[in-house]
Amino acid sequence: MSRTSKELADYVGAQLEGDGNLQISGCASAASARAGDVIFVEGAKHLEEAARSAASCVILAPGIALAGKTILRAANPRLAFAKILAWMFPAQRIVNGIHPTAVIAATARLADGVGIGPCAVIEDGVEIGAGCEIGAHSFLGHGAHLGAACRLYPRVTIYARVRLGSRVILHSGAVIGSDGFGFVPTDEGYFKFPQIGTVEIGDDVEIGANTTIDRGALDATRLGRGVKIDNLVHIGHNVEIGENTAVAAQTGMAGSTIVGRNAMIGGQVGIGGHCRIEDGAILGSGAGVLPGKILRGGVPMWGIPARPLDEYKEINAWFSRLPELGERLRQLEEAVHRK
Amino acid sequence: MSRTSKELADYVGAQLEGDGNLQISGCASAASARAGDVIFVEGAKHLEEAARSAASCVILAPGIALAGKTILRAANPRLAFAKILAWMFPAQRIVNGIHPTAVIAATARLADGVGIGPCAVIEDGVEIGAGCEIGAHSFLGHGAHLGAACRLYPRVTIYARVRLGSRVILHSGAVIGSDGFGFVPTDEGYFKFPQIGTVEIGDDVEIGANTTIDRGALDATRLGRGVKIDNLVHIGHNVEIGENTAVAAQTGMAGSTIVGRNAMIGGQVGIGGHCRIEDGAILGSGAGVLPGKILRGGVPMWGIPARPLDEYKEINAWFSRLPELGERLRQLEEAVHRK
Amino acid sequence: MSRTSKELADYVGAQLEGDGNLQISGCASAASARAGDVIFVEGAKHLEEAARSAASCVILAPGIALAGKTILRAANPRLAFAKILAWMFPAQRIVNGIHPTAVIAATARLADGVGIGPCAVIEDGVEIGAGCEIGAHSFLGHGAHLGAACRLYPRVTIYARVRLGSRVILHSGAVIGSDGFGFVPTDEGYFKFPQIGTVEIGDDVEIGANTTIDRGALDATRLGRGVKIDNLVHIGHNVEIGENTAVAAQTGMAGSTIVGRNAMIGGQVGIGGHCRIEDGAILGSGAGVLPGKILRGGVPMWGIPARPLDEYKEINAWFSRLPELGERLRQLEEAVHRK
């Protein structure tokens, strides 16, 4: 399907500079764009590549000049491009209808327009909201609840009684509601602390491939509306994550930690148990937070243990100079003792 | 099902203080407890929350006073609570009977009371002990052996010839017996070193969601009785882990490392190949152990490379003061050279 | 099946020392070898164990003496052993024929000799090359393409349009082609950047259990011929990895990073987005590379941030001596100010 540059500009509220009748048939990166494609440029350093590209139309931030292309001028070129992409190439349904090999309990309640893929298993008492797509081999344990328009890619496991909001996207291999890691040491080995809580996931949450989210021990592990979690992340029991917080790949949070809203947690971060990460906190990739710590929002935090980025940089610069410091100290000792 | 406070006290050997006829119908956290619930308090700092809670009955350690509640006095309140929880709310079977969509080889041998979920696949020569529950979409490769009363949540993969003891719990997405990462570099690229060993897992082991345990190259990767492994852990080929050792989420152990009994390994720990981690070792989250190292038990070890916690703390305190040290050194140089 | 020592020597081009008619029926480690087994010894430090072992035949590097055994002299004993192992015990097919429970779209094209396991799902337009084995519960999304002789262990997910070369091995739980982690922050929360790219995987690639490889945002995430990836690795969108590069377990690479050929990346390494890791780079386990960095090949790099191993060792030695440095500085200050 093709749109004119004018239609695209109108759709995203961009200002058109150039030919409004240009037919745009694709969205691409500058490197692989062909004639008829729209691309976007975020900063001046990518301008040359955009100029060289075969793209017909370029989404550009205000104040940057680019000759020879039709321009869509937008305050946030990436956002405008993403909206055009989603408009021109809407995500296709991954499942349509109920596949005959799906195993659906008689007591499960499916709203209108639910798609269930091959070999998916829906247990007793499950409720699935309108328009949900349940990919092949996915498993919904008894009493699980899904709001409307959720998309579960193939092979997602939802343990019993877990609750999802609407428009939740779960990628393949995600496990929601597995037992928390709770054991009481005894003289005869560990005694399992039964994990009878659950998981509650808000609207518009997306969770990456092979990520695991444990159920609470007694209460619920909670992810707020709009939370985005990348691949291979571990969320321990009783963790709570506030709205619109993003967590990059391979990060882990131990039990009972509370993360505020609008936080940004990098990849491979480790957060100990019972921490409080405040609203708007920014944690750089690889950072570590000791159990029980409180982390303020506002300034980016980095390193192990996590500290403000400026401080981290200064200390690390000194760290790199340790051999020099050692040598200077030695020379000074010589100088002092020689006197 | 409801029990009296007296019955609970008797069941766990606690001393009852207060009304023995109190009907207890639930186990809860202090924060969410309602009338009729039992809760537990571990330390004095949670006492106030317990007092404010609606719980009727509180499990308390000796020597702590709490007015207005019926008390179960126990040396280990968490353990007493976990036992009561497991008694009042025993884990329900996740699978009953053999689902007609399960694919079970004619040569597989199933003992009494085995449950097999929808679409599970049981290959030739598999042996499954009495009472095992094999969740939906789980796969047992040819010749695999399970003792009695194992529970495999949906979507567990057991490669060929892997052996599990009894009462083993495997969470969704766990992969047991995948090939170790063994390749021999040659001028034409890597030549795969065939991984013909297996995995042997002892009784009462629990393994978390999406954890991977590779088979030995020639011999077996072994987990001793009572080992507890959290989510997203990687255990390389030929690793051996002794009885009752616990390993938290996202930790990795490279090939041929040997871990003793009763060790506690934190989350996101990295242990290189061919290490020896001795009985009772304690490794803090995020610690790193270089290949081939020997780690003594007894004192908590922390950091990269792992060192005794006290030493780690002292060095890290100095690390934080590096800018100050640098400045003091500079001033001293000035003072010395001025003279 | 049994071979003579002479046959083994001829097969791998080793020089036979001793009885050429010895019947060899097994390949083993020194620790578990029995009479009739062949073992290999890589260095002098394992010689004693080999001598004590019950093995009949030992593959040895030139210049090392070992009495009492038939010797196969080979420049690379590990490689010779791996070749013998692969010859005597060729990997058995994991799937034969098309299982009746597999769900295969009418428009899928299967070449000769393809095996499809129970409950596997093959969507519209999928192409599967000759001799491929698709394990139980594996999922091939619409338009996916597999070359010849690929082996997918049970429960592998291939998202739509992903392309694999020939002889690719994917272990259980691997997810190829999930959406990259791309979101644009807005005042109303994150707007999903549609991930319309794909993944292209070259010939002879092996990918470990529960590893996740995201599809490109607009273009392709690419793994070159012969790349070997261990378990639980995360490869972000638009990453490119050159031929014969190996990546150990739990390592993560953020989006748009480019890794050259013949690189060796250790376990639990974190590589930020938009990095360039050059051909032949060596990154020690646990290393961290900040976003946008360029890493030269040739010298092993270690630590966070990654630096040449020698430098890393020197700095870390000083790090361990920080308390001593602090004390020496204090004493010097006293000495100077006393004067």
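Residue numbering begins at 1 within each chain, and the chains themselves are lettered A, B and C in the order written.
Heads up, the rule we're going with is that a contact is a pair of C-beta atoms (placed from the backbone, for glycine too) under 8 Å apart; a residue touches a chain by one contact, two chains touch by 3 or more.
Values in this document were obtained by computation on a predicted structure and should not be read as measured data.
Student: Pick one for the touching-chains graph, please: line, ring, star, complete, other.
Tutor: complete
Student: Same or different: do the copies chain B and chain C touch each other through matching residue numbers, with over half of them shared?
Tutor: Counting which numbers both chains contribute, under half are shared, so the two copies meet through different residues.
Student: How far is the middle of chain B from the middle of chain C, if each middle is the mean of its Cα atoms, in Å?
Tutor: About 26 Å, centre to centre.
Student: If a residue has to touch 2 or more other chains to count, which residues of chain C qualify?
Tutor: Only 101, 119, 137, 155, 173, 210, 232, 250, 268, 319, 325, 329, 332, 336, 339 qualify.
Student: State the interface residues of chain A toward chain B in the complex, per the touch definition above.
Tutor: 101, 103, 119, 121, 137, 139, 141, 155, 157, 159, 173, 175, 178-179, 181, 183-184, 186, 189-194, 196, 210, 212, 214, 217-219, 232, 234, 236, 250, 252, 254, 268, 270, 272, 288, 304-305, 307, 314-315, 318-319, 321-322, 325, 328-329, 332, 335-336, 339
Student: For chain C, which residues are in contact with chain B within the complex?
Tutor: Chain C reaches chain B through residues 27-29, 31-32, 76, 78-79, 82-83, 85-86, 89, 91, 94, 99, 101, 117-119, 135-137, 153-155, 169, 171-173, 204, 206, 208-210, 225-226, 228, 230-232, 243-244, 246, 248-250, 267-268, 285-286, 316, 319-320, 322-323, 325-326, 329, 332-333, 336-337, 339.
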